[in-house]
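Worksheet for the structure shown next.
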Amino acid sequence: MDPTGSTIELSIDSDFQFVELVASVTDSITQLVGFGPEEAYWIGLSVRESVINAIKHGNKLDVKKPVEVKFVISDDQIVIYVKDFGEGFDPSCVPNPLDPVNLLNPNGRGIFYMRTFMDEVDFQTPSSGGTVVVMRKRKTAKTTGL
Amino acid sequence: MDPTGSTIELSIDSDFQFVELVASVTDSITQLVGFGPEEAYWIGLSVRESVINAIKHGNKLDVKKPVEVKFVISDDQIVIYVKDFGEGFDPSCVPNPLDPVNLLNPNGRGIFYMRTFMDEVDFQTPSSGGTVVVMRKRKTAKTTGL
Amino acid sequence: MSLVINQRTIGEVTILDLSGKITIGVGNVQLREAIKKLLEAGNKKILLNLADVSYVDSSGIGELVHSFTTTSNAGGTLKLLNLTKKIQDLLAITKLLTVFETFSNEDEAVASFK
Amino acid sequence: MSLVINQRTIGEVTILDLSGKITIGVGNVQLREAIKKLLEAGNKKILLNLADVSYVDSSGIGELVHSFTTTSNAGGTLKLLNLTKKIQDLLAITKLLTVFETFSNEDEAVASFK
(Lines give C-alpha, C1' and ligand atoms only; values in the text may rest on other atoms or scores of the structure.)
Protein backbone atom coordinates (compact mmCIF):
# COMPACT_ATOMS: atom_id res chain seq x y z
CA MET A 1 0.00 0.00 0.00
CA ASP A 2 1.21 3.39 -0.96
CA PRO A 3 0.53 6.06 0.20
CA THR A 4 0.22 5.06 3.81
CA GLY A 5 -2.36 6.68 5.99
CA SER A 6 -5.10 6.80 3.37
CA THR A 7 -8.57 7.54 4.64
CA ILE A 8 -11.87 6.35 3.20
CA GLU A 9 -15.13 7.58 4.65
CA LEU A 10 -18.57 6.15 4.04
CA SER A 11 -21.89 7.36 5.39
CA ILE A 12 -25.18 5.46 5.15
CA ASP A 13 -28.72 5.99 6.38
CA SER A 14 -29.83 3.76 9.26
CA ASP A 15 -31.35 1.01 7.20
CA PHE A 16 -30.16 -2.60 7.27
CA GLN A 17 -30.26 -2.73 3.48
CA PHE A 18 -27.01 -0.73 3.45
CA VAL A 19 -25.06 -3.10 5.71
CA GLU A 20 -24.11 -5.16 2.67
CA LEU A 21 -22.72 -2.05 1.01
CA VAL A 22 -20.45 -1.27 3.96
CA ALA A 23 -19.37 -4.90 3.98
CA SER A 24 -18.43 -4.82 0.32
CA VAL A 25 -16.47 -1.60 0.78
CA THR A 26 -14.70 -3.26 3.69
CA ASP A 27 -13.84 -6.24 1.50
CA SER A 28 -12.37 -4.00 -1.19
CA ILE A 29 -10.31 -2.11 1.37
CA THR A 30 -8.96 -5.14 3.22
CA GLN A 31 -7.93 -6.51 -0.17
CA LEU A 32 -6.12 -3.24 -0.98
CA VAL A 33 -4.28 -3.41 2.35
CA GLY A 34 -3.35 -7.01 1.61
CA PHE A 35 -5.12 -8.96 4.32
CA GLY A 36 -5.55 -12.66 3.61
CA PRO A 37 -9.05 -13.97 2.85
CA GLU A 38 -9.56 -15.45 6.31
CA GLU A 39 -8.59 -12.25 8.13
CA ALA A 40 -10.58 -10.19 5.65
CA TYR A 41 -13.65 -12.33 6.31
CA TRP A 42 -13.56 -11.72 10.04
CA ILE A 43 -12.80 -8.02 9.67
CA GLY A 44 -15.87 -7.85 7.43
CA LEU A 45 -17.96 -9.63 10.04
CA SER A 46 -16.77 -7.27 12.76
CA VAL A 47 -17.66 -4.26 10.64
CA ARG A 48 -21.12 -5.69 9.96
CA GLU A 49 -21.67 -6.27 13.67
CA SER A 50 -20.66 -2.74 14.58
CA VAL A 51 -22.71 -1.15 11.80
CA ILE A 52 -25.75 -3.23 12.76
CA ASN A 53 -25.34 -2.10 16.37
CA ALA A 54 -25.02 1.51 15.25
CA ILE A 55 -28.23 1.23 13.21
CA LYS A 56 -30.19 -0.79 15.78
CA HIS A 57 -29.01 0.22 19.25
CA GLY A 58 -27.44 3.57 18.41
CA ASN A 59 -29.68 5.28 15.86
CA LYS A 60 -32.64 3.03 16.72
CA LEU A 61 -33.48 2.57 13.03
CA ASP A 62 -34.10 6.28 12.54
CA VAL A 63 -33.26 6.57 8.83
CA LYS A 64 -32.63 10.29 9.26
CA LYS A 65 -29.62 9.51 11.44
CA PRO A 66 -26.54 8.44 9.48
CA VAL A 67 -23.97 5.83 10.39
CA GLU A 68 -20.50 7.08 9.52
CA VAL A 69 -17.75 4.61 8.84
CA LYS A 70 -14.13 5.68 8.47
CA PHE A 71 -11.29 3.42 7.35
CA VAL A 72 -7.72 4.53 7.99
CA ILE A 73 -5.37 2.20 6.18
CA SER A 74 -1.66 1.78 6.01
CA ASP A 75 0.89 -0.80 4.97
CA ASP A 76 0.38 -3.02 7.92
CA GLN A 77 -2.96 -2.28 9.55
CA ILE A 78 -6.47 -0.98 9.28
CA VAL A 79 -8.31 1.15 11.82
CA ILE A 80 -12.06 1.36 11.42
CA TYR A 81 -14.32 3.93 13.10
CA VAL A 82 -18.08 3.35 13.22
CA LYS A 83 -20.06 6.32 14.49
CA ASP A 84 -23.75 6.58 15.35
CA PHE A 85 -25.85 9.39 16.81
CA GLY A 86 -27.57 7.50 19.60
CA GLU A 87 -27.51 7.79 23.35
CA GLY A 88 -24.31 5.85 23.90
CA PHE A 89 -23.92 2.94 26.32
CA ASP A 90 -21.54 1.54 28.88
CA PRO A 91 -19.66 -1.36 27.27
CA SER A 92 -18.54 -2.59 30.68
CA CYS A 93 -22.18 -3.37 31.48
CA VAL A 94 -22.68 -5.65 28.49
CA PRO A 95 -23.28 -9.21 29.75
CA ASN A 96 -20.69 -11.87 28.90
CA PRO A 97 -22.21 -14.25 26.34
CA LEU A 98 -20.02 -17.11 27.62
CA ASP A 99 -21.62 -16.90 31.06
CA PRO A 100 -23.74 -20.08 31.34
CA VAL A 101 -26.78 -18.00 32.19
CA ASN A 102 -26.42 -16.15 28.84
CA LEU A 103 -25.46 -19.10 26.69
CA LEU A 104 -28.94 -19.55 25.25
CA ASN A 105 -29.67 -15.86 24.88
CA PRO A 106 -30.41 -15.22 21.18
CA ASN A 107 -28.71 -11.80 21.48
CA GLY A 108 -25.53 -10.42 22.92
CA ARG A 109 -22.73 -11.94 20.83
CA GLY A 110 -21.92 -9.05 18.45
CA ILE A 111 -19.40 -7.14 20.56
CA PHE A 112 -17.86 -10.41 21.71
CA TYR A 113 -17.20 -11.41 18.11
CA MET A 114 -15.74 -7.97 17.35
CA ARG A 115 -13.37 -8.30 20.30
CA THR A 116 -12.42 -11.83 19.21
CA PHE A 117 -11.61 -11.01 15.61
CA MET A 118 -10.04 -7.55 15.90
CA ASP A 119 -6.81 -6.72 17.71
CA GLU A 120 -8.34 -3.80 19.58
CA VAL A 121 -11.93 -2.63 20.05
CA ASP A 122 -12.68 0.62 21.85
CA PHE A 123 -15.92 2.44 22.45
CA GLN A 124 -15.73 6.22 22.56
CA THR A 125 -18.46 8.67 23.50
CA PRO A 126 -17.68 11.97 21.77
CA SER A 127 -19.02 15.11 23.42
CA SER A 128 -21.16 15.62 20.32
CA GLY A 129 -23.07 12.49 21.37
CA GLY A 130 -23.45 8.98 20.01
CA THR A 131 -20.95 6.16 20.02
CA VAL A 132 -17.78 5.64 18.03
CA VAL A 133 -16.53 2.08 17.84
CA VAL A 134 -12.80 2.01 17.03
CA MET A 135 -11.45 -1.29 15.75
CA ARG A 136 -7.86 -2.00 14.83
CA LYS A 137 -6.44 -4.99 12.98
CA ARG A 138 -2.77 -5.43 12.17
CA LYS A 139 -1.67 -7.47 9.18
CA THR A 140 0.86 -9.62 11.01
CA ALA A 141 -2.16 -11.05 12.73
CA LYS A 142 -2.49 -12.85 15.98
CA THR A 143 -4.55 -15.97 15.40
CA THR A 144 -8.23 -15.63 16.16
CA GLY A 145 -7.90 -18.01 19.05
CA LEU A 146 -9.48 -20.93 17.22
CA MET B 1 -36.46 0.69 -2.65
CA ASP B 2 -37.78 1.84 0.64
CA PRO B 3 -37.19 4.35 2.14
CA THR B 4 -36.88 6.72 -0.78
CA GLY B 5 -34.40 9.53 -0.66
CA SER B 6 -31.61 7.54 0.96
CA THR B 7 -28.18 9.10 0.88
CA ILE B 8 -24.82 7.35 0.79
CA GLU B 9 -21.63 9.34 1.03
CA LEU B 10 -18.14 8.15 0.24
CA SER B 11 -14.89 10.03 0.53
CA ILE B 12 -11.53 8.87 -0.82
CA ASP B 13 -8.03 10.28 -1.02
CA SER B 14 -6.90 11.42 -4.46
CA ASP B 15 -5.24 8.20 -5.53
CA PHE B 16 -6.33 6.18 -8.56
CA GLN B 17 -6.16 2.99 -6.51
CA PHE B 18 -9.48 4.00 -4.90
CA VAL B 19 -11.39 4.45 -8.17
CA GLU B 20 -12.23 0.75 -8.17
CA LEU B 21 -13.69 1.12 -4.68
CA VAL B 22 -16.02 3.91 -5.76
CA ALA B 23 -16.99 1.83 -8.78
CA SER B 24 -17.87 -1.17 -6.63
CA VAL B 25 -19.95 0.99 -4.27
CA THR B 26 -21.70 2.38 -7.34
CA ASP B 27 -22.43 -1.15 -8.55
CA SER B 28 -23.92 -2.12 -5.20
CA ILE B 29 -26.09 0.99 -5.15
CA THR B 30 -27.36 0.74 -8.72
CA GLN B 31 -28.29 -2.85 -7.93
CA LEU B 32 -30.21 -1.71 -4.81
CA VAL B 33 -32.08 0.86 -6.88
CA GLY B 34 -32.87 -1.82 -9.44
CA PHE B 35 -31.09 -0.64 -12.56
CA GLY B 36 -30.55 -3.30 -15.20
CA PRO B 37 -27.00 -4.58 -15.77
CA GLU B 38 -26.49 -2.55 -18.96
CA GLU B 39 -27.59 0.74 -17.37
CA ALA B 40 -25.62 -0.07 -14.22
CA TYR B 41 -22.50 -0.66 -16.31
CA TRP B 42 -22.66 2.76 -17.94
CA ILE B 43 -23.53 4.53 -14.70
CA GLY B 44 -20.45 2.88 -13.23
CA LEU B 45 -18.32 4.06 -16.14
CA SER B 46 -19.64 7.62 -15.77
CA VAL B 47 -18.82 7.61 -12.07
CA ARG B 48 -15.30 6.35 -12.80
CA GLU B 49 -14.78 9.08 -15.39
CA SER B 50 -15.94 11.80 -13.01
CA VAL B 51 -13.89 10.49 -10.09
CA ILE B 52 -10.80 10.17 -12.29
CA ASN B 53 -11.30 13.78 -13.43
CA ALA B 54 -11.72 14.90 -9.81
CA ILE B 55 -8.47 13.17 -8.84
CA LYS B 56 -6.49 14.19 -11.92
CA HIS B 57 -7.73 17.58 -13.10
CA GLY B 58 -9.41 18.74 -9.86
CA ASN B 59 -7.19 17.69 -6.98
CA LYS B 60 -4.17 17.21 -9.27
CA LEU B 61 -3.27 13.93 -7.53
CA ASP B 62 -2.75 15.67 -4.18
CA VAL B 63 -3.55 12.75 -1.86
CA LYS B 64 -4.30 15.19 0.95
CA LYS B 65 -7.32 16.45 -0.98
CA PRO B 66 -10.33 14.16 -0.82
CA VAL B 67 -12.83 13.35 -3.52
CA GLU B 68 -16.33 13.24 -2.06
CA VAL B 69 -18.99 11.18 -3.76
CA LYS B 70 -22.63 11.38 -2.72
CA PHE B 71 -25.37 9.08 -4.01
CA VAL B 72 -28.99 10.12 -3.50
CA ILE B 73 -31.22 7.24 -4.43
CA SER B 74 -34.93 6.73 -4.73
CA ASP B 75 -37.36 4.30 -6.31
CA ASP B 76 -36.83 5.52 -9.80
CA GLN B 77 -33.56 7.39 -10.07
CA ILE B 78 -30.08 8.01 -8.79
CA VAL B 79 -28.34 11.37 -8.46
CA ILE B 80 -24.60 11.27 -7.99
CA TYR B 81 -22.45 14.20 -6.81
CA VAL B 82 -18.67 14.06 -7.28
CA LYS B 83 -16.82 16.88 -5.53
CA ASP B 84 -13.17 17.83 -5.73
CA PHE B 85 -11.17 20.68 -4.22
CA GLY B 86 -9.42 21.94 -7.32
CA GLU B 87 -9.57 25.21 -9.21
CA GLY B 88 -12.70 24.44 -11.19
CA PHE B 89 -13.03 24.78 -14.96
CA ASP B 90 -15.41 26.00 -17.60
CA PRO B 91 -17.17 22.97 -19.10
CA SER B 92 -18.32 25.05 -22.07
CA CYS B 93 -14.67 25.38 -23.10
CA VAL B 94 -14.05 21.65 -23.27
CA PRO B 95 -13.36 20.68 -26.91
CA ASN B 96 -15.85 18.39 -28.67
CA PRO B 97 -14.20 14.97 -29.14
CA LEU B 98 -16.32 14.37 -32.27
CA ASP B 99 -14.80 17.35 -34.01
CA PRO B 100 -12.58 15.84 -36.76
CA VAL B 101 -9.60 17.82 -35.47
CA ASN B 102 -9.97 16.11 -32.06
CA LEU B 103 -10.82 12.62 -33.27
CA LEU B 104 -7.29 11.28 -32.77
CA ASN B 105 -6.67 13.09 -29.49
CA PRO B 106 -5.90 10.43 -26.86
CA ASN B 107 -7.70 12.57 -24.25
CA GLY B 108 -10.95 14.45 -23.98
CA ARG B 109 -13.67 11.78 -24.09
CA GLY B 110 -14.55 11.43 -20.38
CA ILE B 111 -17.14 14.19 -20.05
CA PHE B 112 -18.59 13.23 -23.42
CA TYR B 113 -19.17 9.66 -22.20
CA MET B 114 -20.73 10.96 -18.97
CA ARG B 115 -23.15 13.12 -20.96
CA THR B 116 -23.96 10.20 -23.26
CA PHE B 117 -24.73 7.67 -20.55
CA MET B 118 -26.40 9.82 -17.88
CA ASP B 119 -29.69 11.69 -18.31
CA GLU B 120 -28.28 14.94 -16.92
CA VAL B 121 -24.74 16.10 -16.19
CA ASP B 122 -24.12 19.45 -14.52
CA PHE B 123 -20.94 21.09 -13.31
CA GLN B 124 -21.26 23.30 -10.27
CA THR B 125 -18.65 25.57 -8.74
CA PRO B 126 -19.49 25.98 -5.06
CA SER B 127 -18.29 29.17 -3.38
CA SER B 128 -16.10 26.96 -1.17
CA GLY B 129 -14.11 26.11 -4.31
CA GLY B 130 -13.61 23.02 -6.41
CA THR B 131 -16.01 21.35 -8.78
CA VAL B 132 -19.14 19.31 -8.13
CA VAL B 133 -20.27 17.10 -10.98
CA VAL B 134 -23.97 16.28 -10.63
CA MET B 135 -25.19 13.32 -12.65
CA ARG B 136 -28.75 12.05 -12.76
CA LYS B 137 -30.03 8.78 -14.19
CA ARG B 138 -33.68 7.74 -14.15
CA LYS B 139 -34.66 4.08 -14.13
CA THR B 140 -37.19 4.27 -16.95
CA ALA B 141 -34.18 4.94 -19.06
CA LYS B 142 -33.86 6.59 -22.37
CA THR B 143 -31.70 4.45 -24.58
CA THR B 144 -28.07 5.44 -24.67
CA GLY B 145 -28.34 6.41 -28.28
CA LEU B 146 -26.63 3.31 -29.58
CA MET C 1 -30.48 -12.79 -1.52
CA SER C 2 -32.39 -14.14 1.41
CA LEU C 3 -32.96 -17.55 2.96
CA VAL C 4 -34.61 -20.41 1.08
CA ILE C 5 -35.90 -23.30 3.18
CA ASN C 6 -36.66 -26.69 1.71
CA GLN C 7 -38.35 -29.30 3.86
CA ARG C 8 -37.77 -33.06 3.65
CA THR C 9 -38.83 -35.93 5.90
CA ILE C 10 -36.84 -39.06 6.63
CA GLY C 11 -38.73 -41.32 9.01
CA GLU C 12 -39.72 -39.16 11.94
CA VAL C 13 -37.05 -36.57 11.27
CA THR C 14 -37.80 -33.35 9.43
CA ILE C 15 -34.81 -31.92 7.62
CA LEU C 16 -34.80 -28.25 6.73
CA ASP C 17 -32.29 -27.55 3.97
CA LEU C 18 -31.34 -23.92 4.44
CA SER C 19 -29.84 -22.02 1.58
CA GLY C 20 -28.77 -18.37 1.67
CA LYS C 21 -27.99 -15.96 4.46
CA ILE C 22 -29.10 -15.82 8.07
CA THR C 23 -28.33 -12.30 9.17
CA ILE C 24 -30.17 -9.37 10.70
CA GLY C 25 -33.40 -8.85 8.81
CA VAL C 26 -32.59 -11.70 6.42
CA GLY C 27 -33.75 -15.24 6.95
CA ASN C 28 -34.62 -14.95 10.61
CA VAL C 29 -38.36 -14.55 10.08
CA GLN C 30 -38.51 -17.46 7.63
CA LEU C 31 -36.61 -19.74 9.97
CA ARG C 32 -38.82 -18.83 12.96
CA GLU C 33 -41.97 -19.44 10.95
CA ALA C 34 -40.74 -22.76 9.63
CA ILE C 35 -39.81 -24.03 13.09
CA LYS C 36 -43.10 -22.79 14.56
CA LYS C 37 -45.15 -24.61 11.90
CA LEU C 38 -43.22 -27.85 12.41
CA LEU C 39 -43.75 -27.77 16.15
CA GLU C 40 -47.45 -26.93 15.81
CA ALA C 41 -47.81 -29.88 13.42
CA GLY C 42 -46.17 -32.11 16.00
CA ASN C 43 -42.90 -32.61 14.13
CA LYS C 44 -40.46 -32.47 16.98
CA LYS C 45 -37.34 -34.03 15.52
CA ILE C 46 -35.75 -31.28 13.50
CA LEU C 47 -32.44 -31.31 11.65
CA LEU C 48 -31.15 -28.04 10.15
CA ASN C 49 -28.91 -28.63 7.15
CA LEU C 50 -26.57 -25.63 6.97
CA ALA C 51 -24.46 -26.80 4.01
CA ASP C 52 -25.68 -24.03 1.73
CA VAL C 53 -25.82 -21.23 4.26
CA SER C 54 -23.51 -18.66 2.73
CA TYR C 55 -23.36 -16.15 5.56
CA VAL C 56 -24.21 -15.99 9.24
CA ASP C 57 -23.57 -13.13 11.67
CA SER C 58 -24.27 -12.86 15.39
CA SER C 59 -27.99 -12.46 14.65
CA GLY C 60 -27.92 -15.63 12.59
CA ILE C 61 -26.18 -17.51 15.39
CA GLY C 62 -28.88 -16.06 17.67
CA GLU C 63 -31.55 -17.45 15.37
CA LEU C 64 -30.04 -20.91 15.58
CA VAL C 65 -30.08 -20.59 19.37
CA HIS C 66 -33.67 -19.37 19.27
CA SER C 67 -34.68 -22.31 17.05
CA PHE C 68 -32.98 -24.66 19.48
CA THR C 69 -34.67 -23.30 22.61
CA THR C 70 -38.11 -23.03 20.99
CA THR C 71 -37.88 -26.64 19.92
CA SER C 72 -36.61 -27.80 23.31
CA ASN C 73 -39.35 -25.87 25.10
CA ALA C 74 -41.92 -27.67 22.95
CA GLY C 75 -40.45 -31.01 23.96
CA GLY C 76 -38.58 -31.49 20.71
CA THR C 77 -34.98 -31.86 19.61
CA LEU C 78 -33.13 -29.67 17.10
CA LYS C 79 -29.74 -30.67 15.73
CA LEU C 80 -27.39 -29.19 13.15
CA LEU C 81 -26.01 -30.81 10.00
CA ASN C 82 -23.15 -29.78 7.70
CA LEU C 83 -21.82 -26.71 9.46
CA THR C 84 -19.63 -24.56 7.28
CA LYS C 85 -16.20 -23.80 8.68
CA LYS C 86 -17.25 -20.23 9.48
CA ILE C 87 -20.42 -21.27 11.34
CA GLN C 88 -18.38 -23.85 13.23
CA ASP C 89 -15.94 -21.10 14.23
CA LEU C 90 -18.70 -18.73 15.34
CA LEU C 91 -20.37 -21.45 17.44
CA ALA C 92 -17.07 -22.57 18.93
CA ILE C 93 -16.04 -19.04 19.96
CA THR C 94 -19.28 -18.56 21.89
CA LYS C 95 -19.19 -22.06 23.43
CA LEU C 96 -22.28 -23.14 21.53
CA LEU C 97 -20.73 -26.31 20.16
CA THR C 98 -21.34 -27.66 23.66
CA VAL C 99 -25.03 -26.81 23.32
CA PHE C 100 -25.82 -28.05 19.82
CA GLU C 101 -25.47 -31.61 18.63
CA THR C 102 -23.78 -31.28 15.26
CA PHE C 103 -23.19 -33.76 12.42
CA SER C 104 -21.35 -33.86 9.15
CA ASN C 105 -23.12 -36.99 7.90
CA GLU C 106 -26.85 -36.98 7.24
CA ASP C 107 -27.45 -40.69 7.89
CA GLU C 108 -25.72 -40.50 11.25
CA ALA C 109 -27.63 -37.35 12.11
CA VAL C 110 -30.99 -38.97 11.26
CA ALA C 111 -30.09 -42.16 13.13
CA SER C 112 -29.17 -40.15 16.23
CA PHE C 113 -32.79 -39.11 16.73
CA LYS C 114 -33.92 -42.74 17.26
CA MET D 1 -5.58 -6.88 -11.91
CA SER D 2 -3.67 -5.18 -14.68
CA LEU D 3 -3.01 -5.82 -18.34
CA VAL D 4 -1.27 -8.94 -19.62
CA ILE D 5 0.08 -8.82 -23.17
CA ASN D 6 0.97 -11.94 -25.13
CA GLN D 7 2.71 -11.61 -28.45
CA ARG D 8 2.25 -13.93 -31.43
CA THR D 9 3.36 -13.69 -35.05
CA ILE D 10 1.48 -14.91 -38.10
CA GLY D 11 3.42 -14.20 -41.28
CA GLU D 12 4.29 -10.52 -41.16
CA VAL D 13 1.55 -9.68 -38.69
CA THR D 14 2.23 -9.33 -34.97
CA ILE D 15 -0.79 -10.10 -32.83
CA LEU D 16 -0.91 -8.74 -29.30
CA ASP D 17 -3.40 -10.70 -27.20
CA LEU D 18 -4.47 -8.25 -24.50
CA SER D 19 -6.00 -9.57 -21.32
CA GLY D 20 -7.17 -7.46 -18.38
CA LYS D 21 -8.05 -3.81 -18.01
CA ILE D 22 -6.99 -0.73 -19.93
CA THR D 23 -7.90 2.16 -17.66
CA ILE D 24 -6.18 5.13 -16.08
CA GLY D 25 -2.94 3.95 -14.53
CA VAL D 26 -3.63 0.35 -15.53
CA GLY D 27 -2.37 -1.19 -18.71
CA ASN D 28 -1.56 2.00 -20.55
CA VAL D 29 2.18 1.91 -19.86
CA GLN D 30 2.45 -1.74 -20.86
CA LEU D 31 0.60 -1.18 -24.11
CA ARG D 32 2.72 1.85 -24.99
CA GLU D 33 5.93 -0.04 -24.31
CA ALA D 34 4.81 -3.06 -26.32
CA ILE D 35 3.88 -0.95 -29.34
CA LYS D 36 7.10 1.05 -29.08
CA LYS D 37 9.23 -2.12 -29.03
CA LEU D 38 7.42 -3.60 -32.02
CA LEU D 39 7.90 -0.46 -34.09
CA GLU D 40 11.56 -0.18 -33.11
CA ALA D 41 12.06 -3.79 -34.20
CA GLY D 42 10.45 -2.99 -37.53
CA ASN D 43 7.23 -4.90 -36.92
CA LYS D 44 4.75 -2.53 -38.48
CA LYS D 45 1.70 -4.74 -39.00
CA ILE D 46 0.05 -4.87 -35.63
CA LEU D 47 -3.22 -6.50 -34.66
CA LEU D 48 -4.59 -5.90 -31.15
CA ASN D 49 -6.79 -8.78 -29.97
CA LEU D 50 -9.21 -7.29 -27.44
CA ALA D 51 -11.25 -10.45 -26.75
CA ASP D 52 -10.08 -10.71 -23.15
CA VAL D 53 -10.06 -7.03 -22.27
CA SER D 54 -12.44 -6.89 -19.33
CA TYR D 55 -12.70 -3.15 -18.87
CA VAL D 56 -11.90 -0.02 -20.82
CA ASP D 57 -12.66 3.58 -19.86
CA SER D 58 -12.02 6.82 -21.73
CA SER D 59 -8.30 6.56 -20.93
CA GLY D 60 -8.26 3.06 -22.37
CA ILE D 61 -9.96 4.25 -25.53
CA GLY D 62 -7.35 7.02 -25.58
CA GLU D 63 -4.61 4.41 -25.36
CA LEU D 64 -6.02 2.58 -28.37
CA VAL D 65 -6.04 5.87 -30.25
CA HIS D 66 -2.48 6.58 -29.13
CA SER D 67 -1.35 3.13 -30.28
CA PHE D 68 -3.01 3.74 -33.61
CA THR D 69 -1.40 7.13 -34.24
CA THR D 70 2.03 6.05 -33.02
CA THR D 71 1.93 3.11 -35.41
CA SER D 72 0.67 5.20 -38.32
CA ASN D 73 3.32 7.85 -37.70
CA ALA D 74 5.97 5.11 -37.90
CA GLY D 75 4.61 4.02 -41.24
CA GLY D 76 2.79 1.00 -39.82
CA THR D 77 -0.77 -0.19 -39.57
CA LEU D 78 -2.66 -1.07 -36.40
CA LYS D 79 -6.00 -2.86 -36.51
CA LEU D 80 -8.37 -4.20 -33.87
CA LEU D 81 -9.64 -7.76 -33.44
CA ASN D 82 -12.51 -9.13 -31.33
CA LEU D 83 -13.96 -5.98 -29.85
CA THR D 84 -16.17 -6.62 -26.86
CA LYS D 85 -19.66 -5.12 -27.09
CA LYS D 86 -18.71 -2.41 -24.58
CA ILE D 87 -15.54 -1.40 -26.44
CA GLN D 88 -17.52 -1.36 -29.66
CA ASP D 89 -20.07 0.95 -28.01
CA LEU D 90 -17.39 3.29 -26.65
CA LEU D 91 -15.67 3.51 -30.03
CA ALA D 92 -18.97 4.01 -31.86
CA ILE D 93 -20.11 6.84 -29.56
CA THR D 94 -16.92 8.78 -30.22
CA LYS D 95 -16.93 8.07 -33.97
CA LEU D 96 -13.76 5.99 -33.73
CA LEU D 97 -15.22 3.02 -35.59
CA THR D 98 -14.60 5.15 -38.66
CA VAL D 99 -10.93 5.46 -37.70
CA PHE D 100 -10.04 1.90 -36.74
CA GLU D 101 -10.25 -1.11 -38.99
CA THR D 102 -11.92 -3.77 -36.86
CA PHE D 103 -12.38 -7.52 -37.29
CA SER D 104 -14.20 -10.33 -35.55
CA ASN D 105 -12.31 -13.08 -37.39
CA GLU D 106 -8.59 -13.52 -36.93
CA ASP D 107 -7.87 -15.07 -40.33
CA GLU D 108 -9.63 -12.25 -42.11
CA ALA D 109 -7.83 -9.71 -39.97
CA VAL D 110 -4.42 -11.21 -40.76
CA ALA D 111 -5.24 -11.53 -44.46
CA SER D 112 -6.27 -7.86 -44.60
CA PHE D 113 -2.67 -6.78 -43.94
CA LYS D 114 -1.44 -8.37 -47.18
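Should a chain be cited, it is by its letter among A, B, C and D, assigned in written order, with residues numbered from 1 in that chain.
Following the convention adopted for this analysis, contacts are C-beta pairs under 8 Å (C-beta built on N, C-alpha and C of every residue); 3 or more make two chains touch, one makes a residue touch a chain.
Note that the structure is predicted; figures quoted are calculated from it, not measured.
Peer 1: Count the smallest number of chain-to-chain hops linking subunit B with subunit D, moving only between touching chains.
Peer 2: 1
Peer 1: Just the number, please: Cα centre separation of subunit B and subunit C in whole Å.
Peer 2: 45
Peer 1: Please compute the C-alpha centroid of subunit A, do the same for subunit C, then give the distance between them in whole Å.
Peer 2: Roughly 27 Å, centre to centre.
Peer 1: How many Å are there between the centre of subunit C and the centre of subunit D, using C-alpha atoms for each centre?
Peer 2: 55
Peer 1: Got the subunit D residues that touch at least 2 other chains?
Peer 2: Residues of subunit D never touch two or more of the other chains.
Peer 1: At least two other chains touched by the same residue of subunit A: list those residues.
Peer 2: Not one residue of subunit A touches more than one other chain, so the list is empty.
Peer 1: Where do chains touch, given as pairs?
Peer 2: Chains touch in the following pairs: A-B, A-C, B-D.
Peer 1: Help me check something: in the complex, which residues belonging to subunit A touch subunit C?
Peer 2: Residues 16, 19, 41, 45, 48-49, 52, 56, 97-98, 103-107, 109-110, 112-113, 116, 144-146.
Peer 1: Touching residues of subunit D toward subunit B in the complex: what are they?
Peer 2: Listed in rising order, the residues of subunit D that touch subunit B are 23-25, 57-59, 61-63, 65-66, 68-69, 86, 89-90, 92-96, 99.
Peer 1: Can you tell me which positions in subunit A touch subunit B when the two form their complex?
Peer 2: 3, 6-13, 15, 17-18, 20-21, 24-25, 28-29, 32, 63, 66
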